[in-house]
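Structures are listed in the sections that come next.
Shared between the two complexes below is subunit A, which pairs with subunit B and subunit C, respectively.
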Partner chain A sequence: MNVQSKKPITAAEQSLLDRYAERRKERQGNASLTALRDGLVHEFDQTGLPGRRIETWHYTDLRTLLKFVPEGFSPETGASAKPLLSDAIVLSARVGGQDSAMPEGMAVSSFNELLTSANATDLLESKRPDDFIGRVNSIFVDGGSVIDVSKGVKLEKPVELQNAASGGHLHTRMSVNIGDGAEGTFIERQIATDTADSFVSSITDLTVGKSAVVTWIISQERGDTDTHLGQINIRLGEDARLMLFIANAGGHLVRQEVHVTADGENSDFALRGVNLLGGDSHTDITMEYDHLVANCVSTETIRNVVFDRARGVFQGQIRVAQIAQKTDAKMACNTLLLSDEGEFFSKPELEIFADDVQCGHGATVADIDENHLFYLKARGISDSKARAMLVNAFISEIVEDLENEDLVEAFEQRFSEWLTRHA
Partner chain B sequence: MPAVQETIDQVRQIDVDQYKYGFETLIEMEKAPKGLNEDIIRFISAKKDEPEWMLEWRLSAYRRWLTMEVPSWARVEYPEIDFDDIYYYAAPKSMSGPKTLDEVDPELLRTYEKLGIPLREQEMLAGVQQSRIAVDAVFDSVSVVTTFKEELAKAGVIFMSISEAIREHPDLVRKYLGSVVPVSDNYYATLNSAVFTDGSFVFVPKGVRCPMELSTYFRINEKNTGQFERTLIICEEAGYVSYLEGCTAPQRDENQLHAAVVELVALEDAEIKYSTVQNWFPGDSEGKGGIYNFVTKRGDCRGANSKISWTQVETGSAITWKYPSCILRGDNSRGEFYSIAVSNGRQQIDSGTKMIHLGKNTSSRIISKGISAGKSNNTYRGQVSAHRKATNARNFTQCDSLLIGNNCGAHTVPYIEARNSTAQFEHEATTSKISEDQLFYCLQRGIPEEEAIALIVNGFVKEVIQELPMEFAVEAQKLIGISLEGSVG
Partner chain C sequence: MLEIKNLHARIAEDGTEIIRGLDLTVKAGEVAAIMGPNGSGKSTLSYVLTGREDYEVTEGDILYNGESILEMDVSERAASGIFLAFQYPVEIPGVATMQFLKVAMNEQRKARGEDELSTPDFIRKVKEAAAELKIDMDMLKRPLNVGFSGGEKKRAEILQMALLEPNLCILDETDSGLDIDALKIVADGVNALRSPDRAIVVITHYQRLLDYIVPDSVHVLYKGRVIESGQKELALELEKNGYANIIEKAA
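Right, the complex of A and B next:
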């Protein structure tokens, strides 16, 4: 399934190989790290970018989609964007430094420092054969933060992690550990501070401890020509609760992977995604959820609105191991395809080995319902206004699941601005 | 919620160790030498007295096949097949050349009797059978007999083995063969194109409703042989045909390969109903033996308002790899896929459908029910795709799976591809999504909720399966009652 034979090298592949060769000379890392990276580059040289023959990349064929990779590396800009929420603690995801007062019980350090430690190779080793994002990030990663929230600490203010690129390469990694019983809201913002093309890989490893309660938001705000390859790897402890909210409204070629492993019983995972797609962008959310223990609940709802020539992909795979009895997993992917040139591909997949579980999935694709439109127009609302109202209602349902009023308002505003620009 | 006892009992009745068709017919066979090369293909072609173009067609397929790789994307595992360790042609010695029923070896007739397949027209006419069915009986690599040929011919319907059709209607075969499943379509289809031995040919001319059910019964008997069935059904403008396929094989320790290609062509206003009761030997409870069923089935709704409907009841085979598909090319054409797939023992099923919407106002419906028991794995894999120009394409998909016991797996892999805004696709995999109105209607009349759900969901499948002739559908009938409570998605 995941075998790809050697094909002629693409311009993007060559560019990545060249960048690494340059970087290797400049960079002083420990020997084992360099050896690991050399190995990954050698492998990449053999296999190249993932193409449609690889099942998990079937709809996001980087061999054809990734036409160009910029040459330089993005300079450090710090956390300079205005925060989504005014009371947020703002950090740069890249430097791991603090830009405002750090709350008690939360420690932040630099990922680069961690990389120089002895176990660096463990951090970067990828276990999945089709994990291209993990590989490219391991090859280039330079910058990131390590965040630790102590046991039982309840963060009152949301933490905003800005990952800003101003053109060129940017490869960051965050390692976040939420202690047992801790609570907090984190907003990971993927921002462009410039219109220059950027090529970004960003990985977050998030561990949610026993009985911890976390809201994690990934806000995709990259520029119209940017490539973003994101990945979040989640481990859920016993009784942990995580709401992951993905707001894709930016970027040219975007893939956000979500890998979840439930290894403590009674955890509750909710994924809510809104994909606003326009122009000739390509946006992909790919989720894999491994239920390895019993009694876990998960719900995933993805809502997509497709304009212009945009293309969207949702792949969701829920795997329920033999011992994961009483799993309750529900997945839905609803798409409003508003343009005849737009495309949407969904693959909501279930893989079940336990006999006493409830798993369901649903997927719909349609245009705006004529009856709904008629209802509004009959009340004197213009066609375009009525359409806008219906699109807003379609995504608002998901945004409201965020519960926190300030967050709901911030994202409704952000989406509404996007829709005004594109509709 | 786990499966209910009644369902468990019903599935147990068709468990792998309950296989009833495992007997072997001892009959003298003529075989081509083991292995595959151009000479074997020439041998098969010569045996069937084929024209030169057919041989060329086969040879070019074979050369193409040599360059292809075995597909590995399906969720099935099996040891590498040694294609040189298979007999590609095996026919009863007595079968050299077409014969009338009276000349057929009585041992063969007894075999079909044992299987409950009526081959004697008189018996059927005498009312022994409830309904009349024309049967083409294929034994290993050859067609033994085709019944009711004359009567069908009166109506203008051609029903014969594909080998005969190549000789007698070369223009028709040449026009349509490979036009739905191209020679290079996939590994097993290409292999089949090179070495296919027998299968059925059906031609329903313009405006004709085929006066009776047509059916082919495939039997693999000989050891170490592969069966490469090729079936071609053409239904001209406003024609109608219902075709049924059944299959069994003896119980053997080794695995045997059945790599079939079935092509359906429906022209304007035509309708083809294709039903399968697949009951190949599934292997024993330890997974020893059984048929590898690697099949490419595809229907082309070529004309406007045409309709193709696939119904399958899958209980046999060690490994199933099969996706009966509809290409909805004509405007307003319709595709349907109804499937019940039950896996027991160590069976592995990776099956589903493809609905490719190309024309305007095309619609498709997929109802799939998978039940896994024992140590089996049962995967539904289905693709629904709407082309940019397929305005108002509609699809409804419902797939449910049920697990019995804790050592099996049920998997669902839908691929939903929408390329225009007027497409409307709905995919469901839960029982709770049943229409509230229908449920309310049943509850109002005092039917308990569980029964009501089963009634509504099974209603779809039942409608189709009840039309299968009784003698073929024993397993199907048993399965109808299986309810869906405990569905996992």
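Right, the complex of A and C next:
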């Protein structure tokens, strides 16, 4: 017999199947959309949650880690949280509605309108075989926003997109198009407005046009028992500049995927990530970057601070196509491991087919430097305060790369509050 | 102010004894120079006094203002007024120098039950002290000691000393790595802090520094013990004849 016996279904898998069956009855979508979803669910029924045998999920084995999925769906709460920056234009990621006046040159509409359109299935078609997040989102997505920034528009105020979960399922998709030469700062906030368990998938499709300059921040602020599956799919145009800042300081089981495709020359991509990990949490940043054209620069720096029994993962894969000459890619992952029971897994991968490129990667794991600690204490700073200063110093080097005083201040404060709670 | 009695201390990790029955008394207002050949235990003494955990005291006692400090940790000793100017000040990326100075000053004030400094008061104090030591305020905008030259690091140490106003100052080879101009500036900074209620312990290899910071007493450290004490002339004699005679005499 060559037939593989099917693995026993987990409670989480059963719950997802049940929820879909329930949802299918209530929902009235177009027939092709329903057919697509049925197909994805059927496939899920066969394959189940991704586990350690799938390379990209090896360190985030959902079959074991996702113990259960809450029932029910999160009610729509809109954008109700206080913005990180006081001058931000605040939008709900779910309905695309606006709470403050919309600047000229920026249009926002509801993703659900796209869902009812004829080409909805194209939007939800999964591109990668191991794309579980894409699949689960396509199966359940029922809210999101579509943002369009016109050519050459320079947004003066930052735009804050709040994706608020208050218990139960929440599946959101954002489609953002930044026109050629446009500029803006966007803060995607993944927040919890209730302590009830949430199960969230959130996908952002971001297209950065030719010569556009964008800062995109993903602030992970979910509750201690929440599961968050995030994904951002980025297309970078010629001469485009994107700073992607991931601030993970929340959630119980978190995976943030970053998929980047550079398809115009001379683009500059910077990924900066801070993972503050505590309790029994599991947090994963997985990045894939495809250099398809020549002369692009990318730098990735991830800084992790691990407390308690927390576990973290960084996977960074850079692929350089044969024609992508003069690619300059640098990746670094530095971890402060402050607990004997904490763990961090760092997996850099470079796949290079061009012969004239500069690609490098490095990873470090360390405890707090005793010489630094002694120096601070010798000036009368208490042990706990000195340790906090050194942890803050470790991450502030990354935060400063945001190069905007208000943003730096907002995230330094957010991180220092997290550290005060956990240290 | 400082009384070291029959002190024995060893490296915690491997048990190597470095300080072997050291006695030393330094009074308030006194500047005491500690000299000695390489490996005699000079730097270890500075670490044991400040409470570095890499060293264990196995015998004897250290009294500071009449009370034993052996049970106090590094930051408690510092807050009580013991200051070490490091031989090699460490670079700490990510910690802004000004922020560090403010935290250190306020933590010490807090430990003494005083109010925190207001930001304008803090900045004024730093500016005044920095000007005395010819330190450019731009240098203080950098992360702590990062990219400072050897001379800048030593001046920054003395700046911290001036701002923290300690009672007992320990200068660990503050002259190493300084050119003659920087040495004068640093020595002037130290001399400005001489006062009847402050004691200063100057650890050095060379007489040169003592031309500028003239000591009240000179002590020769050898194999973890003080083998000879005298007045400033002792340093001159050492400079001329080396340690051999004194070591021979003590043996």
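Simple rule for what comes next: the second predicted complex is superposed on the first by the 418 of 423 C-alpha atoms of A that agree within 3 Å, B and C clash if a C-alpha of one lies under 4 Å from a C-alpha of the other, contacts with A are read in each partner's own complex, and residues count from 1 in each chain.
Convention: a contact is a pair of C-beta atoms (placed from the backbone, for glycine too) under 8 Å apart; a residue touches a chain by one contact, two chains touch by 3 or more.
Please read all numbers here as calculations on a predicted model, not as lab measurements.
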| item | value |
| --- | --- |
| Partner chain in contact with A:F394 - subunit B first, subunit C second, else both or neither | second |
| Dominant toucher of subunit A (residue count), subunit B or subunit C | B |
| Touching partner for A:G179 - first (subunit B), second (subunit C), both, neither | neither |
| Which superposed partner A:I381 touches (first subunit B, second subunit C, both, neither) | second |
| Subunit A to subunit B touching residues, read off their complex | 1, 3, 55, 322, 329-330, 335, 337-367 |
| Subunit A-facing residues of subunit B, complex | 1-3, 72-73, 388, 401, 403-430, 432-433, 486, 488-489 |
| Complex interface listing, subunit C residues touching subunit A | 50, 52-54, 73-75, 78-79, 83-84, 86, 89-90, 92-95, 100, 103-104, 107-108, 111, 143, 160, 164 |
| Residues on subunit A engaged by subunit C in the complex (per definition of touch) | 369-372, 374-383, 385-386, 389-390, 392-397 |
